[in-house]
């Protein structure tokens, strides 16, 4: 699979398609998009693996000069869809997103290897282990009390995560804010689910905020983690209707169903290499 | 129709239902709600008009002591659904909400009298007059240039509006911010449609803000106008999906379809006396 | 909780509310509806348990003459929301609905006792037992080969189910058609999730049917099981958008997310005694 | 704009993209899809008009051999997006779709020429003429009484329609079934809005059918007209939630909002040449 972004001009499609045609590449799915504001061109080409007689590395080598010919600011990557992707999941107490992801993996819907689940509480250890996945409990100091201990806890998490070199680090209702260093280290791989329709209700207790404001829909947002809280590029969002009969608890319950599907959809798009970032926005092919 | 809010306690339903039963009132639709946070009770009772041998005023007189017995903070109103409701619409240049409302009235779906349309531009005069409705063009100074002239323009609007004593003043993409005096004078009757899913993207150019943030849904909010811009009690909201292929113009176009239905639904709820305000939130029966 | 249906006339609300007020009953949630076509009145009254000094049985005894006074066709039931409800789940091979329900129970969202899971395959035994719930594998003959063996298998299922006297028998993508006797025995308690937006695509392979027809949305329907296949009273439905890029497998995958929430919502409404049947339609308070 | 369908094989994208690149064609929007069931390839290429120094006819001439090289079953068309498209609208009594379409045209959202509106009743003459569009009243005999008169009425309609050679013939809640000859003559151009979520509730009074079945969502379907009633290729569908409080009239009212947007979206897709038919299914780019 080739994902590429470069300044728009005529002939890009012809160049890439010509390159693939020469190699006998059978394009299963091809997507193109031009952003008219920035005049930037995006494409994703999914090629049938048996139509190419090259390894991913050989393909990268052959494609490099083609990409270079499209301008020096061109960004591209080639991923091997044959490779099973590795995922590490960070959790806290809330169970629903973890149950949902593990259920999807167990049912064969999400074909990934969950290498580890890391929790700042141990309440989700049992369900994790029942799926045959190692659970790591990393203790955090009480919020705001001991910054050194907090950073130490994150160091521990980082070691576990990095030991698996995962394609995605999923913050499945992990309630700790990542330090800037980790945001940078995992840029483009750390995915968060926030329980509001961002940019509304950033930060803590978004359902309480939503209830206070009296909104008629609550939502969830799956986004890449960046240094600014809840402000990273959005991959997927959805909402569900609520009304005056819904207490905050009802909103939380209804919202959970949206959180689960929004996270699952966002993660799938990421793992299928369908998401191209462009500044703080995303193209999701 | 009786709408009532009062502190919750046992026996309120029995009291009201007993009152209506004694008069032979045939309840067509009855709604109840208790807000657990504030322990406030809300009800709306729609009674078949031919089952009562009273005028609305007589009913009010009879009901007053019943309401008083429910506590001194009780708020209630009785409206006569037989009376045709009057609406004044404020517009600027954007045509879609006005076309939509007038179409609904013409098609008999919205059974109201549109007494007048007032515009700070005259572009929508022709369509208004084609529906047999008077159009008033009230000129506004360029934004931020002449506060006196702006307030004078609003005085002119106020005179026209108040001469009709309307049940609803609809800001159908009227791009001027109401002065505080008008917000107060029309409290609970001035209804705005804002072209975002509030509280996101308050103020000007919300679709531009939405595009910049890269959201995956755009929305619209129908709310009562209060002194704080775009912060009044929300009556209705909805959203529509957008993606990276949608330019700002596409978002504007898709959003218009949501604005129209959200405004029409919100206005209908208001005119059917289904909306009870409670602080900055609404109960919509 | 009181649920009641009777022919409409004036004074019903007053009668019931008066009855509850006399007992000091604090109404937490009250819903009323009149069906104008059949002139039938429906109500559901949820009363705070600590406001009554009666057991459910005593309340039933006291209410019986009140109900009788509302006409001889009056149907009513009083359920004790303090009692934990029992559920038996029937499954086949598809895992997603079972994972979802068990996840909701484990996370405390659905406060029920899952007494047993019964499968005509044994693939879901492990996940069931991991939740500490007994799994029964009941073998079925190959479809259409041995009617006697099929009915014997259902007899076995019936014995297991009835031994728990469950409030709900959930067919969570159970692929066998219930015999008429079981439909009758479990009337109003057997709940099915059908993977289409009924009445479209009744019967087998609804996603294939949907793909062939080229629809732009796929859906799911939660309904009571009746003798006629996929034709029972509908409790809940929802849909999700698909397009030409979705293969049948994609539709199946997207549809699963809808099946799960529609089943969970429908089951919750049933267990909270919010569903009143009226012919082949439902009132869901 | 080039739309093309042909049997899939390697190199098609390269061929078409190469052709356009050679002409200096700047691709604004390119879409590709392969149907895995039929192994059929679809593409739509929107080229910036000022990047080509050819007329549409010259482009067609140049492209013909390219298309031929992709197999003899290849189907393609080139449309000139610079040309303003012509639309004829057929109506009966229901006003909402016509109001909606005319409002969109008047507001500049839908940039088409509405050449004529034809009604089997004359109730919508005034609003049509207020938009400066000719209205033709063609009388139909009472249903089922006089087949000859019915066909004569359709002959009259056909003459009016064909005199404008329209890009789309829109049946905007036109309640007459087109004769087979007209279905054939206008194949791929006659667009209907059906007021149900097809394939549910084909034919007359779908909201009544929906109410009887007790569905929890009602919908609308925009499709090409074919000889079999309400069975043509679907362009767009959507739904809206209803519940037991909605009478048939309420369903009709809520459904109208869906009909309007579904028709408007479907028509836009058709006019922008985004719809490629494939058997009874559509690819909507």
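Just so it is clear, A, B, C and D label the chains in written order, and each chain counts residues from 1 on its own.
Keep in mind that, in the parts below, contacts are C-beta pairs under 8 Å (C-beta built on N, C-alpha and C of every residue); 3 or more make two chains touch, one makes a residue touch a chain.
In UniProt terms, the chains line up like this: A, B, C, D = Formyltetrahydrofolate deformylase.
All figures in this text were calculated on a predicted structure; none of them were measured in a lab.
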item: A-C compared against A-B, more contacting pairs; value: A-B
item: Between subunit C and subunit A, distance of the C-alpha-averaged centres to the nearest whole Å; value: 36
item: Cα-centroid distance, subunit A relative to subunit B, in whole angstrom; value: 40
item: Subunit D: positions in contact with at least two other chains; value: 29, 245
item: Overall pattern in which the protein chains touch one another (line/ring/star/complete/other); value: complete
item: Of subunit D, residues touching subunit B in the complex; value: 29, 95-96, 99-100, 103-104, 106-107, 109, 127, 130, 245, 253, 256-257, 261, 264
item: Residue ranges of subunit D touching subunit C (in the complex, touch as defined); value: 33, 35-37, 197-201, 212-217, 219, 233-234, 236-239, 243-245, 247, 280-284
item: In the complex with subunit C, residue positions of subunit B that touch it; value: 10-11, 13-15, 17-18, 20-21, 24-32, 34, 51, 241
